[in-house]
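Two complexes, one shared chain (chain A), two partners (chain B, chain C).
And then the complex of A and B:
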């Protein structure tokens, strides 16, 4: 869709201001991307003779591996080609290019080239880099899904952080209780079911409170969300210091173990990365697919989006906006609470003070980065997770770059996206606006 | 609108009150070992075993020991039963009772209760008060200045001279008074023995280590591992490597972030990262984060090194993966400090220094691995220990 519209009734077409702006920013984007391609070629020329070796476990950690011998120069050339093609395409097609999809084409090449550059002269196993990225992305992507459902319905969910924290605390206590009451045999099986369930319910309770305050009393959702976050922090700290430290048996939940998906786990190279994780990871992918389908392909999704974009119009065709918003808040609370249970039940887990550690806020950033779309949000969460995992790998292999630098990269990218420098993203129009049923 | 404002005010007030109740102790004490991850399986028997295992302290010159003394310990909130520092301090106190001293102890009810808790012990006529827990530093220092006739001690910490402005080297600095004893541990000596053990044990010749945050109390362990492995390499002409810590440049792998000490999932993933790069022993120095690492190593049939206390006892469910622990012998330190206070003798420099020589630091027993570690390796460890004690080998020499 180029900015020139067909002449109507012989008049000179009025190109809308918005379209012109979109065209201009698309051009800037194309120039920037093409320039990056040239930079990549420039970097390649200096590093063709050095070596770097990447290894991947075929099926099991520490057993047979696949090996790729390459040099940073070759990786930079690949990145340059991918980036250059994208840049030229962008310049040619202008605003019609869905640049976010094209990111998937060229950004990974850059990431691999940068890793190769930093790891030059070394042999590095990359399997854990990718599987850890997926693990770290889970709570962030689930939080992003929760916030997204709310905003699509016209509500803000600033309280993702608090819902996760309460979910983590509730999951640990409920899981431990199951273990205590049912004994070590039944409890070890029941705990991992009871814990996340209770976590989801506690998240829903917070969601209900927020929805009630916002819908019934028109409380500013930013303020009530902030209050809930502080309340959740205070409440869980109190539980930890006054109750769980004394009765430590109630903070000793059975943990959720990694499972290998039959057949898929044995696929060479990909099996150890994708199919040997915790059930949480698989649930995250399922939620992503289901949400994408439901939001964009079903009646429920259409109504959800309508009440977020233009609730008055939705109401005139008979949609109960209030009910939709309540349901969205409850669903979001359940997802955020469930994500919280991951924090305390995964690995050698137990509840710790403030263990959500800002993941709820990162989730909101990921939602914006992902343009209020489940797949986009998951991709954004993966960027955050990868930055974390890459920093880990580099420090283990002794590459000395300040950890704060890599950790800040996803945030810088989010700021760039939010500021609209490389393409504006727009959220639901009426998110956070109270709706008065007429 | 009126109603909504009131609701918000009510919510905000409640939040503030609840936060206030839980108090300032949101700053978790970064003890390097897991603070408490007990299971139902961990019984009193286990902690009794802990005491037995840890009592390697020399009893000292008991002949002229004054036992007419009131010795007391101020525990941290919820500290008793941690199978770690607090329980070991209790054991030191019990040994003081057995020697004939009068003893009292008291446990803080919350972080705002530290000063009052120490006052309760003063009211009971205590002549020595040792506080457990980094969080009590402020309370102990204030009490030490206010009560110059009573001896005070603080486990795993030394005097903080920074004064009200929080900066060292300014006019309002407060010097350490004679009645304060910091209980400090040269844990790098014990960690060096553990590193040497790994040198002989590792099948792949690679060990991994990481810390929660880059604090001196954390890197001291990592320095020790580095030095021990280097000593092994030089002695045997081997090329065992340590990943995650470069003692020369003082850079390495740290959890960092907002939850460095309690993120077991991250600990697991870090351990997996080390195993990916070939390590078969991991030494996490990161509190509960490290529990995830130990669990991962166990699930792979590999090994880990514990820190601070004998973690094969404090984490019995993972004992089958814990080769040994670089351990601070709190009970010996507490007892030795009481004895010195009672005799009116002061430690050199004003602080108790736990070393291999005085039994203040050690590597814990090998438990399940005792029969698997060769006699040669054990003899090598003993020889290195002797050299560290007589000073012919120092950790520093091996950090270059």
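And then the complex of A and C:
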């Protein structure tokens, strides 16, 4: 490990110093978390009187299934207890605490308390909120998987945004053409298959182009990624304005409908959240599980990680680093393009200009937040998806805070995460570094 | 060295632009639905003539829109009235107007690239510079115009520099990758602008659109004494600033440190230079340049702050900085070229209904070809660069 660190840092840091630094940042983290707990108690004392109603909703019967009446004060006390306990635990155990897992304990309380605070006196249908969080999380998590595969192989993929955008455009056109040529009956069945397939293929084409530029012509991968993002925006806008806007037949694909999983969909509360989504949602879970297994438990995954961490060493044991990187870029392109098809085939039912609207970048942030791990990335995507869903809920219920404030929360969160204020994570060592086959 | 050999460094950029336009025309032909319908009707010859005719028509409109119509110039020389001259010169003037913000953002990106920092946040720094300039102008409305103008320009610099400082500081202190942070800060900057445009301080009375009051009371003076031309002194300032940046980068110690950090951060650190300091300085200078560009855009060209003041200048700047070899002189030439593309593109859009976005795609292709010089050499069967003696220096021979 030190051999890979040496050319980057210049000096190999002493182990004791690294440990001391970890201890210090853990202590700071503990103080911050404990202080947040105190703040929560302070907020609780200020709002013990007002009421808020939360309502769990069972969708099939169209009425409330379970309803919890509570007040912001109570919610803040709960948040304060959870946060305070975590903070003290962190202070006591220092760097030994796996703070990422502990986030799950105290952060949700904060989120619920803040929402309770904002939604005073109103009804929040949490079932809808959670199910739409899952839906919004899909493109983000898939984009994160795509970027992760690339970075694990030693490539730098900042073109997720562009791949998604092209995927969305291609899926809409392909789906519409299938509908046109096969007629309404066969087309409605074929469209949802043809659209995402073509989207995945177009993503692969872009991935291939980027890999080719980076490996064959040594183009800096940040530049080639910028080219793709920039070019994808120009190309899809051009396609929309020149073709799709006038010839709307090419931009009316059959949409992908929600599927109710038999039996499971009828389970109260959990059914509407987890088992009544679009096929995309289920595919997202499958990809997460499969990727986790393949990256960490198979020979392919080991080789992938080896070529990202130390390509020279990988090459010495006979691994074809170049081929692995090409394949990783192709797979990532397919996933990102497929994720893009969600944007145009899901609820919108057409392609619109700049549809991805920064989701590819959020996806990269989710990958970093999730520490280059599929399950972690999925969790981070859920957080971002929840932020989206909560924003919608708040704007529907007419809460009086500027929408711009909420809209910028994911971006600010990403900056904080990337800056490692909440703890440093390490990505593949050689991501983005060109590799010469010797 | 013969004069032809002297032009060699220009071969790759020129061929890159040419190739990008060729690829662009392929896309134009294959999205020409009426022409394609002719092809499917079984008349390939008609298809070819129509489609190629349309492409030629589009590119001619682009050129005349960018540089002016020769008959108009002849008319102007005959008549000699200011009105006729203004009509003739307008396309050229508009090209330079379009190039002005691009020079500033291009210089911003060039400084950051030279220092080994990828500042993708030109957009955010640009809009915040414009916002700072607008706010200052509104705040100092009663003061004499020159003072207000100067203060607004300084505010633009400060706002842009501050927005560049954040990712620079984070990179230096925590190693946060500036590509991610600057992108995120771009989105945050846009939200800040939207928020600011809703305040009564910025909004015109009874206005509901997200657009600020007109601040033409501090307008940057026009450069040409002809009626209706928007070209202002901001363009000249851009040229001066380019010279200053060139001096800073290539003639001062700080500039040398920045470039050393850009070439090899480890070596620079071993030589006793402060790596973190270089990163922060590079980002601050870069942000300040972009912010000044935003200030001139709002004070000279549009006189009104709005959501869409930034037409992707930060992104285009990356393209033209690479095209110009990350040199100030190259940036100026590339910015004028891209200004011509954008300005001519408007004319093309009006005349042929071909969307302006085609040019965004073409610009992306230009970066791709410039970033992969070996690809261009292979396509056009050029001799590889290593065959030339003293090849590494030839990149810097132009300025």
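Definition applied: the second predicted complex is superposed on the first by the 419 of 438 C-alpha atoms of A that agree within 3 Å, B and C clash if a C-alpha of one lies under 4 Å from a C-alpha of the other, contacts with A are read in each partner's own complex, and residues count from 1 in each chain.
In this section, a residue touches a chain if its C-beta (ideal position, glycine included) is under 8 Å from a C-beta of that chain, and two chains touch if they have at least 3 such contacts.
All values derive from a computational prediction rather than experimental measurement.
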{"item": "Chain B versus chain C as contact partner of A:408, first or second or both or neither", "value": "second"}
{"item": "Contacts of A:213 with chain B and chain C, given as first, second, both or neither", "value": "both"}
{"item": "Chain B versus chain C as contact partner of A:390, first or second or both or neither", "value": "neither"}
{"item": "Contacts of A:184 with chain B and chain C, given as first, second, both or neither", "value": "first"}
{"item": "Chain B versus chain C as contact partner of A:158, first or second or both or neither", "value": "second"}
{"item": "Touching partner for A:234 - first (chain B), second (chain C), both, neither", "value": "both"}
{"item": "Chain B versus chain C as contact partner of A:349, first or second or both or neither", "value": "first"}
{"item": "Chain touching more of chain A, residue-wise (chain B, chain C)", "value": "B"}
{"item": "Partner chain in contact with A:222 - chain B first, chain C second, else both or neither", "value": "second"}
{"item": "First (chain B), second (chain C), both or neither touched by A:125", "value": "first"}
{"item": "Residues of chain A contacting chain B in one complex and chain C in the other", "value": "213, 217-220, 223-224, 227-228, 230-231, 233-235, 237-238, 241-242, 246, 358, 404, 407"}
{"item": "In the complex, chain B residues that touch chain A", "value": "1, 3-4, 7-8, 11-12, 14-23, 25-26, 28, 36-40, 77-78, 81, 110-111, 208, 210, 243-244, 246, 249, 251-254, 256-259, 261-265, 267-270, 272-278, 288, 291-292, 294-296, 300, 318"}
{"item": "Chain A residues within the chain B interface of the complex", "value": "57, 61-62, 124-125, 127-129, 131-132, 135-136, 179-180, 184, 213, 217-220, 223-224, 227-228, 230-231, 233-235, 237-238, 240-242, 245-246, 248-249, 252, 342-343, 346-350, 352-355, 357-358, 389, 392-393, 395-398, 400, 403-404, 407"}
{"item": "Complex contacts: residues of chain C adjacent to chain A", "value": "27, 31, 33, 118, 120, 166, 170, 174-177, 179-181, 183-185, 187-188, 191-192, 194-195, 198, 266, 269-270, 315, 318-319, 322, 354-355, 357-365, 367-368, 371-372, 374-375"}
{"item": "List of chain A residues in touch with chain C within their complex", "value": "7-8, 10, 158, 213, 217-220, 222-224, 226-228, 230-231, 233-235, 237-239, 241-243, 246-247, 358, 361, 364-365, 368, 402, 404-405, 407-408, 411-412, 414-415, 418-421, 424"}
